[in-house]
Amino acid sequence: MLQSPWTLVAVYFLVALAIASAMAIVPGIFTRKRPTKSKSDPYECGVPPTSALIGRFPVRFYLVAMLFVVFDVEAASFFPWAVKLRALGGFGFVEMLTFIVVLGVGYAYVWKKGGFSWR
Amino acid sequence: MMQLPAIDYAVLAPLIILVATGLLVLLVDLVSRQAARNVLYGLGVAGCAASFAASLPLSGRTVTTLSGAFAADRFSWGFDALLLLTLAVTFLLSSLKRAEDGGSPGSYAALLIFCTVGGMIMAGAANLIGIFLGVELLSLALYILAGTGYPRQASQEAALKYVLLGSLASGFLIFGSALLYGAAGSIALADLATAAASGAPLFVAGFGLWLVGIAFKLALSPFHTWTPDVYEGSPLAVTAFMAVAVKAATFSVLARFIYTVFQHDSAALIPVWALAILSMLVGNFGAVRQGNLKRLLAFSSIAQAGYIVLALSGVGSKGLSTMLFYLIAYGFMNLGAFATISLLGDGGEEYVDIEGYRGLFFRRPWVATWMTIFFASLAGIPATAGFIGKLLLLEQALGGGPWGIAMAATLILGTLVSFYVYFKVIYQMFLPAQGQAPQFAGNAAASWVAIAVGATGVMLLGIVPQAFYLAQPYLAAASR
Amino acid sequence: MPHIPLENYLTLSAALFAIGIVGFLVRRNPITMLMAIELMWNAGNLAFAAFARNFIDMSGQIFIFIIITVAAAEAAIALAIVVMVFRRRADVDVDDISILRG
C-alpha cells in the first residue's frame, strides 16, 4: 500500500491542505485588529463606492445550467431503451424517434429564441 | 421479442392531436419572425376542435389501453370535452390582453395546450404513474403561465408562490404514492382496492399523504392558502383557465380514485368529507371581506371545490354524473364571469376593484347584465345552472349517511352566505354612477364570443339540464 | 451482500421526507426551500426503490424514472421563476414577497 504511487498523491494533498489552512488561520491568531472606518471601506485608497456592494451578476449562467439540467435528465431516458433496443424492435425505435422529435422541437425553440446566445 | 403492451391509438388520438398542435404552435412561432398572436391562438382553437372531433367516437366506449394505465370511458370523455372547451375559451380571452402573455404568444399558447394535455391524462389515468404525470404536466406549465404577466410584480409573486407550494404538494403526492404502492404491491388503481379493504396502516398513511397533495391542487381548505394570491397575481385568462381546468382535472382524479378504490362508506374517506365542510365554510366566509374581484372568485372557487366533493358521498355511479354536471356548470359560470371582467379595464390593467364596479350598469349595461347572470348562477339562483347543480349535489349528499347530511347542511349555510357575497357585487353595479367614467377596453369580439359561450351554457344547463347530464358514466375497471 | 431489511429503507425515507418538510417550513430562501422539496421528492424515490426491490416489480422503478425526469423540469422552472423575481429585487426572501397577502 505504501508503495502505491497514489500514496504520494494523498500525502501531497494532505500537506497542501495543511499548509493552506495554516496560512489562512495562523495570521488571524497573531494579528491585532483595530478597525477604523476608513480601514473597513470597500476601497482603502479612498475612493467612495458608487454602487451597492452586492451587485447584480449575470444570469446567463443560470440559463445554461437550467437548460443543461433538463436535457441531461431527458438523456437518461435513452439508457433503458438502449439496453433493450433489440427486444423492443422497430416499435421501440419509432417510439424513441418520436421522443427525440418532441425534444428536438423544444431544443430548436430554445436555440432560435436565443437561449444559448452569450449575451 | 418481448411482449409489448397493446396500444389503442384511437383512444390516445385526442391527446396525440393536442400534443401535435402544441408542437406546431411552437414551430410556427419559430418560423415566422413575428407570427400574429391571433394566428397562433386560432391554431390552438383549431387543435381543440380537432382533438374534440377525435374524442367523439370514444364517448360510448369503456376501454383501457397501455396495459390498463389509461382508461377511456364516458367519465373521462366528459372531462376531455370540458377541458377542451375551457382551453378554447381561454384562447379567446387571451387575445384581448396584450401584455398578459409575456410578449411571447407562441410559448404561451403551447403551454396552455400542454396544460390541457396534462388535464386529459389525469381524466383517463388509471394508475398512480398516470395521475402523477398528468398532475405534473398540468402544474409545471401553469407555474410558468402564472408568471406570464411578469411586468406586474404581483404576477411574479404568484408564480413563485405557486411553484413553491405546488412542488410541496407534489412531494406529498409522490410520497403518498410510494406508500400506496408499498401497501398494494401495484400501481394500478384497481389493485389498490384490496389493500384498501384490508385497512393496512401503510395504506392509510399513503392515502392520507396522497390526499394532502390532491387537496393542495384542488385548493381544499386548509390547503387553500396559495389560492387567493395566485388567482390575484396571474393574468386574467390564466386565472380563468386555472379556476376551471385544474379543478375539473383534479376532481376527475379524485373521483376515479375514490370510486375505484373505496367502498362508499369507507372510514378512510372521512378526512375527505371534513376537508369539504371546512372548504365550504372558509371559502364562503373568506369571500365576505374581499375587495378584489379576483380574490373573491378565488374564495368562491374554494367553496365550490367543497361543494363538488358532495358528489362523491352518495351510493352508486350517479355521483359521477352529478360531479361532471356541476363541473360543467361551474366551468360555464366562471369562464363567463372572467370573460366579462376581461372587457373592463384598459390595456394591461385589470379592473378588479369591487368599489370600481359602482354604477357599471349605467356605463356598460350589457357587461353588467351578463355579469349579474353569471354571479346569480354562482350563487345558485333558480333557473340557472348553479341552482340545478346544487340540487343534484344535495340529493347525492343526503344519501351519504351522517357525514353526507352534515355536508348538505354546510352547503345550504354556505349558499346563504354566498348570496351576500355575490349580491354585494351586483348591488354595486346598480348603484348610481359616481365620478369620472373609467377608460374601458374596447368591445373585443373574442371576449363577447366567450361570454356568449358561457351564457348559453349557463342558460341551457339551467333550463334543460337533462341535455348535459351524462347518465351512466361508467368507469373502466371500477369496483363500484 | 448483507440483506438490509425494508424497514430500514422506509425509516430513512421517512426521515428524509420529514427533514424536507421541516426545511421547507423553517427556511425563508426560495432556493433552500426548493432543495427541501427536492429532498421530499427523493424520499419518495427511495421508498419506491425499496418497495420495488421488495416486490421484485418494475413499476416502482419506472415511477422513479418519471419522478426524476419531472423533478429536473420542475427544478428548471422553479429556478427560472426565482431568477425572474431576483432580477427585480436585490435579495430573495419569501417574507419580503408580500404584495399578495393570502
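Each chain gets a letter, A, B and C, in the order it is written, and its residues are counted from 1.
One rule holds for everything that comes next: a contact is a pair of C-beta atoms (placed from the backbone, for glycine too) under 8 Å apart; a residue touches a chain by one contact, two chains touch by 3 or more.
All values derive from a computational prediction rather than experimental measurement.
K.L.:
Taking CA centroids for every chain, report which one is farthest away from chain A.
P.N.:
The chain lying farthest from chain A is B.
K.L.:
Does A-C or B-C have more contacting C-beta pairs?
P.N.:
Pair with more contacting C-beta pairs, A-C versus B-C: B-C.
K.L.:
Report the inter-chain centroid distance for chain A and chain B in whole angstrom, where each centroid is the mean of the CA atoms.
P.N.:
Distance between chain centres, rounded to whole Å: 40 Å.
K.L.:
Quick one: chain A and chain C, Cα centre-to-centre, how many Å?
P.N.:
20
K.L.:
Quick one: chain B and chain C, Cα centre-to-centre, how many Å?
P.N.:
For chain B versus chain C, the centre distance works out to 26 Å.
K.L.:
Tell me, which residues of chain C touch at least two other chains?
P.N.:
Residues 73, 80.
K.L.:
Where on chain C is chain A touching in the complex?
P.N.:
By the definition above, chain C touches chain A via 65, 68-69, 71-73, 75-76, 79-80, 83, 86-87, 90-91.
K.L.:
Which residues of chain C touch chain B in the complex?
P.N.:
Interface residues on the chain C side: 10, 13, 17, 20, 24, 30, 33-34, 37, 40-41, 43-45, 47-48, 50-51, 54-55, 57, 59-60, 62-63, 66-67, 70, 73-74, 77-78, 80-82, 84-85, 88, 94, 97-102.
K.L.:
Contact residues on chain A for chain C in the complex?
P.N.:
Checking each residue of chain A against chain C gives 52, 54, 56, 59, 62, 65-67, 69-70, 72-74, 76-77, 80.
K.L.:
If we count contacts the way the header does, which residues on chain B are in touch with chain A in the complex?
P.N.:
Within the complex, chain B touches chain A at residues 1-2, 4, 19, 23, 26-27, 29-30, 104, 106-107.
K.L.:
Under the stated contact criterion, what part of chain A meets chain B in this complex?
P.N.:
For chain A paired with chain B, touching residues are 84, 87-89, 91, 102, 105-106, 108-109, 112-113.
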